[in-house]
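Two complexes follow with subunit A in common, the first pairing it with subunit B and the second with subunit C.
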Partner chain A sequence: MTISTGSTGSSSTAGTSSTAGTRRRYHLGSTEIVYLALIGILLVAGVLVAVQGGNLFAQQNISYMLTQTSLLGFVAVGQTLVVLCRSLDLSVGYVVALCSLIGATTMAGDPSRVWLGVVAALAVAAAVGLVNGLLISALRVNAFIATLGTGLIVKGFLDTRFKGPEGEVPLAFQTFGYTRIGPVPVSTIVMLLVAAAAFVLLTRTRAGYHMFAVGGNLDVARLSGVRTGRALVLAHVLCSLCAGVAGLLIAARFGTGNALVYSYGLDLDSIAAVVLGGTLLFGGRGSVVGTVGGVVILAVLDTAFNVLDVNPFFKDVLRGVIIIAAVALYARRQIDPASRRVRFGARGSVPRGSDAA
Partner chain B sequence: MTLTADTSPGTARGTARRWRERLLSGGSWTVLALLVVVLAVIVVINPSFAEPVSLMAFAKKAAPLVVLAVGQYFVIVSGEFDLSVGSLVGAQVVIAARLIDGEEALTWPVLGLMLAFGLLVGLVNGLVTTLLRVPSFIATLGMMLVLFGAIRLWTGGAPTGALSEGFRVLGRKGFPDVPGQFQVPYALLVALVVVGLAVLVMRRPFGRSLVAAGDNDVAATYSGASVWWLRTRAFLLSSFLATVAAVLIGGYAGVTAQVGQGLEFMAITAVVLGGVALGGGRGTVVAAMVGALALEALFTLFNQLALPSTIRPAVQGVIIIVAVAYAARRRRT
Partner chain C sequence: MQLLVDIGQKVPTLVVMRADDDAHTSSPDPVLRLRGVGKEFFGTSVLREIDLTLYPGQVHALVGENGAGKSTLMKIIAGVHRPDTGTIELDGPAVTFPTPLDAQRAGVATVFQEFNLLPDRSVAENVYLGREPRRRGLVDRRRLHADTTRLLDDLGLAGIASWTRVGSLSVAQQQVVEIVKAVSYDARIISMDEPTAALADQEVALLYELVRRLRDRGVAILYVSHRLQEIYDLADTITVLKDGNHVLTAPAAEVGPDRLVRTMVGRDFAGFFPDKPADAVPGEVRLALAGAGNTMVDDIDLEVRAGEIVALAGLQGSGRTEIAHGVFGIAPFTRGRMTVDGQPAQVRTPRQGVRHHLALVTEDRKSEGLALGQSVLANARLVLDAVLPRASDRRSRRIAGVLSSLEVAPSTVAAAQDTEVQYLSGGNQQKVVLAKWLVTEPRVIVLDEPTRGIDVGAKRAVYDLMRTLTADGTAVLLISSELPEVVAMADRILVVRDGRIAGELPGGSDEAAIMALATGAA
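Moving on to the complex of A and B:
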């Protein structure tokens, strides 16, 4: 349990210090606030829909909501890893489009080539991520420019090579896009599995710890013996892989690959979802759980707007305002240590102010 | 690291060598080298580009991006982003067209209104970022969505109305105003004034404090700077200059539904090409201007080469990555 860092620690009495400790124990972390905000938005949206005589929680709406979650979810989970490393990936939208096309054209309607298509799409995605990671870590190109640049390169390739929807996805693979278990689409379950894997990576493995360290302070991480380049490259490769899966999902849903997917704005949306989820844009703090919450918030908004039949342009206005407002809700709190992952375990974290406790 | 010419005495050969070393030295000089190379290639392909008339046409076309890059520079050097400028340019042009609607007498009142609107957007961006502590990436991304949606909601999807001739003078006309003859475009004068004022401002206490705030806001706070107000003023400047750019772009290109789209990324790219560090605290405003010129020169080169429009993004991507990588490589060694 972390006690507030002791700027006043040694001089304060034991009594005030212990009340500070109690307050800290009930302090909401940003992930909790994300889910509270989600519940609030669900309630407001549900009431608004009910007033109009609809039901936000009808099965078809829930399905739509969860379907919306999966596409952005894949991209945002990957983006979380990158943002945690104090980097960002603006190429994801183009990677999604590229992988949908590569998957669909490789499969070419032949059920026996499904796995080939999946592997080809993911391999290309990983290659783009590798290039991003190496540009940023080895050539020290600013992440913004590096990923914008690779995104532009992929866009140029897509525009030149593909004129419209191409390729054909066999029915066997289209089930990935359409099958549902109850109201829950399979793609959402896969997305949650990917998110769980990312959660385990970040909280249980050395590579994940290194990502936090790199995002927290690159120089300190390097001086502590972390191979910072590897962590960055790994994050970028995993991010692109997640985008690749999203591309395959698009292909499965449309039945073909489509280059125009890059105009969906997945790049900025995913960053918005990550920040909504409480991950610090300057790296080092955050969680995949929060990101999933952020993605669901955006999906709920989208569903509610659809059910309420909001003017599409007004939808943009509302989305902008709600994203800002939601982030503003807890932006101030992110300065708190409560939103930081405990780095040295419960007993090991003896902060400076502990002598007064 | 300034881009002002060094006027210390020396032989012509010595000066040339010094310039060559500088241009190859990385950092902010890379972008100047890039600009020189791109312009040289254009002149080789099409010698008539070097004629004053073509150069002035280039200046007229490049002026809006230069103005936007200067605005973006203020925000970036203070450690923030402004993703809303593209939408703001689009919004301002559409507002102008709808409200003026070809009515000459309304030009000045509407310009005043645009100015007020631009400053309001900048103020909201700045206050949401500094007082509400929303990361500027999100604050201005939200503003971008809001402006994009609100303008289309207001006009019902497609821009309506028309700009007056008076409004279009700045972006379109020049001095002396004889068609087909050599003229200095007003847009160039506007851009020069903007860059000149920006250089002066960056030498004033405001500019120094702004860079300090971008480099280390805690240190800046402890040295007595009011960081939130500094950054808010940076956002105000960015939105103000986006409004100026909107007047130039509206005059130059007229009203379309796509006006302004993607300009925020172009402006940020221009600034970063100029060696200005994202995250703040490093880089000069002149370098940002050269970055904008280099980017525009690149587009002109694509036109000269008659490059298929589908390949252009790829070439642009390769060139900006290589340029930034080159600048970064030399700076660290």
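Moving on to the complex of A and C:
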């Protein structure tokens, strides 16, 4: 995985002895922590549901959980790439809505036009991502503002052009929304494939390496010959494409496109999932595997709240508390050990080699 | 991957050049030659007519006081700055480096003081960043690590594993990784800016070994350092810069430490500084530290009395500022005792510092001293309003008086209310910072580089102010890299080296004596 556990790196050379204050301890990697947290939440939620006489792990609950996972999963996997580059994409929610409409209206109920609809939706998504990436890298507009702006533009277009659900998705494509293999929806499998592709991108390709570099330190990346703009634009295009796929999934589920999807809060939820997954909001560190964990955590919470019949407003309070608590926990771990390092050898407090005596 | 380096092939030819041994007499062809290089910033000339020649297999030390122009010269070689005059010749023909990357690709690598590494990535990923080996479109991780491991082994650094996260390495090892990265570019010239500044004593050995190994492979090394010991340990040739001028280049064996220090310092500043009042006798102890220390400094003992100016001299990074930060609670001391006016003082935050009647005029006025987009008046009231709101009413009446006594450019309160600090000159900005602290009526004021980057007139005003403060019984702790300022203004001079007080000298001491203590030559 892209995040190495701290302990792998503590080999010290002959000339450097470890200083007195630093004890060597095993540190869990962020990804492991995410999945430990997931297990913990599953246990707690499972027990709470069982106390009320339910079963969190009943097939219908598992299916609901996984269905929730796939929609947010697409968006969050894309968002991971962007956040790793120390950028942000607030336009994803609107892109999802736009693509659901473009897909559905292009297909217009005709099974032979399914591929045309898919291609059209993804092309538009890629175009929005390209604009985002260029605004941020070439015009140096702050990512928050740039993507908020493009998001608003898309929203304005949606609100004026579409008055309600429009278009019709042929049954053949609706299977993408509904088909299951056992309890596992096809859409979840597709989402995991996309996540796997992103994993390979980040850990096995130059483009992925360069995204980490751009997010870690833009100057270092540039001075090492990385084409920083290209990495950033690619991340944004891929992020928008992922949002486009999520839009197609919505269309497949509803049978039509719907502009109001943008009010689902996918933009902020995806960022929450990315951060829950252990990716640093300041870029340079993180992983897709963690993000998938973060998405599942949110889906488990959502399912548990539903089964427990928690008041929807209080649900948001709980979600907020959990997200903040998780990130506060990571923040404690992510204080850079280098910044705490003893700068000058304090003579006397530093154990010297035995030959010094 | 054509950029990958096979050092094994390159070395023999370069070593042969050196085989005749005495490089000075046999004079192999220089790899890099600067001729008449000059540089101006905003009309101020910082380098004039610099000649510098680097030979393969030699370590060339570049020395000089703070502000002598060493960093600028290094940045010119690294392609960060372009020279205004003169030429850079690489293997004969004149070259230009439009960007640092161009210099790097031409074999000229620079290891700056700030690390240019990604702490969250592995050693291998850092070394080959931007040039990752590929196989069928994917990064060839096996080869990436194999190449890095071979590079590390070749340089005798088998103790560093290629997959180690850089952030988990020691500072020395990180420095070494930077140098390995430079070597991986097939660098024939590596310049290092104070590579040992951040290293503990026992870590320096690792760096020494690497520098010697590179030298033996025929790499030309430009080594900037303040530490005389290192220069004599490593350098074949020494070049001294002073105030932007090239004053000496000679084989290291021919320049003794005394002569070197004398060449670096020594200027005539007579009559520029206000005289010490003849009848002044320091009063009671205002600030005292006994055995104070934290992760950055240790065993600090010092006393500053009412009406006294005590200077902390030393090289950049020696720990002077860290002592000030400890006193003022920015990076509090974790050991030892501190007393203010005889009372034990626990200062854990700057706010507590203010409440103990301490003041700290920070080194970097733009980022730490001022709210640039706010008015002069707002800045001057900042500390009062934030920390002493009840005293604010009474003392805010003093603000106008303080501003006018400092002769800050907007001379009326109305003008001070309308003028944003960012539009003032450096000198006036510094006066606003001073005013901000003076209105709190501090008993101890720490001035960290109070005259950096301000004009002569403003400097004189700061010096006059220091005399006024001491006449009123304030204790002044002055931190300065400008030795003439330290010598002329301070009653006592504490020299800081490697986070400790290396020695104390009386005011008016010889600059060379201070330098000797600061560099460890004494």
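Methods note: the second predicted complex is superposed on the first by the 309 of 357 C-alpha atoms of A that agree within 3 Å, B and C clash if a C-alpha of one lies under 4 Å from a C-alpha of the other, contacts with A are read in each partner's own complex, and residues count from 1 in each chain.
The working rule: a residue touches a chain if its C-beta (ideal position, glycine included) is under 8 Å from a C-beta of that chain, and two chains touch if they have at least 3 such contacts.
These numbers were taken from a predicted model, which means no experiment stands behind them.
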| item | value |
| --- | --- |
| Touched partner set for A:Ala213, first subunit B, second subunit C, both or neither | second |
| Touching partner for A:Thr205 - first (subunit B), second (subunit C), both, neither | second |
| First (subunit B), second (subunit C), both or neither touched by A:Leu130 | neither |
| Subunit B versus subunit C as contact partner of A:Leu281, first or second or both or neither | first |
| Which of subunit B and subunit C A:Phe313 touches, first, second, both or neither | first |
| Partner chain in contact with A:Leu268 - subunit B first, subunit C second, else both or neither | first |
| Contacts of A:Ile153 with subunit B and subunit C, given as first, second, both or neither | first |
| Interface residues of subunit A shared between complexes with subunit B and subunit C | none |
| Subunit C contact footprint on subunit A (complex, rising order) | 4, 6, 8-17, 19, 21, 200, 204-206, 209-210, 212-213, 216-217, 219-226, 280, 284-285, 336-338, 340-347, 349-350, 352-353 |
| Complex contacts: residues of subunit C adjacent to subunit A | 100-101, 104-105, 116-122, 125, 129-132, 134, 137-139, 141, 157, 159-161, 163-165, 167-174, 198, 200-203, 205-206, 209, 293, 295-298, 319, 322, 498-500 |
| Subunit A - residues contacting subunit B, complex | 135, 139-142, 144-146, 148-157, 159-160, 268, 271-272, 275, 281-282, 311, 313-321, 323-324, 327-328, 331-332, 334-335 |
| Complex interface listing, subunit B residues touching subunit A | 83, 128, 132-135, 137-139, 141-146, 148-150, 152-153, 157, 265, 268-269, 272-273, 277-278, 308-318, 320-321, 324-325, 328-329, 332 |
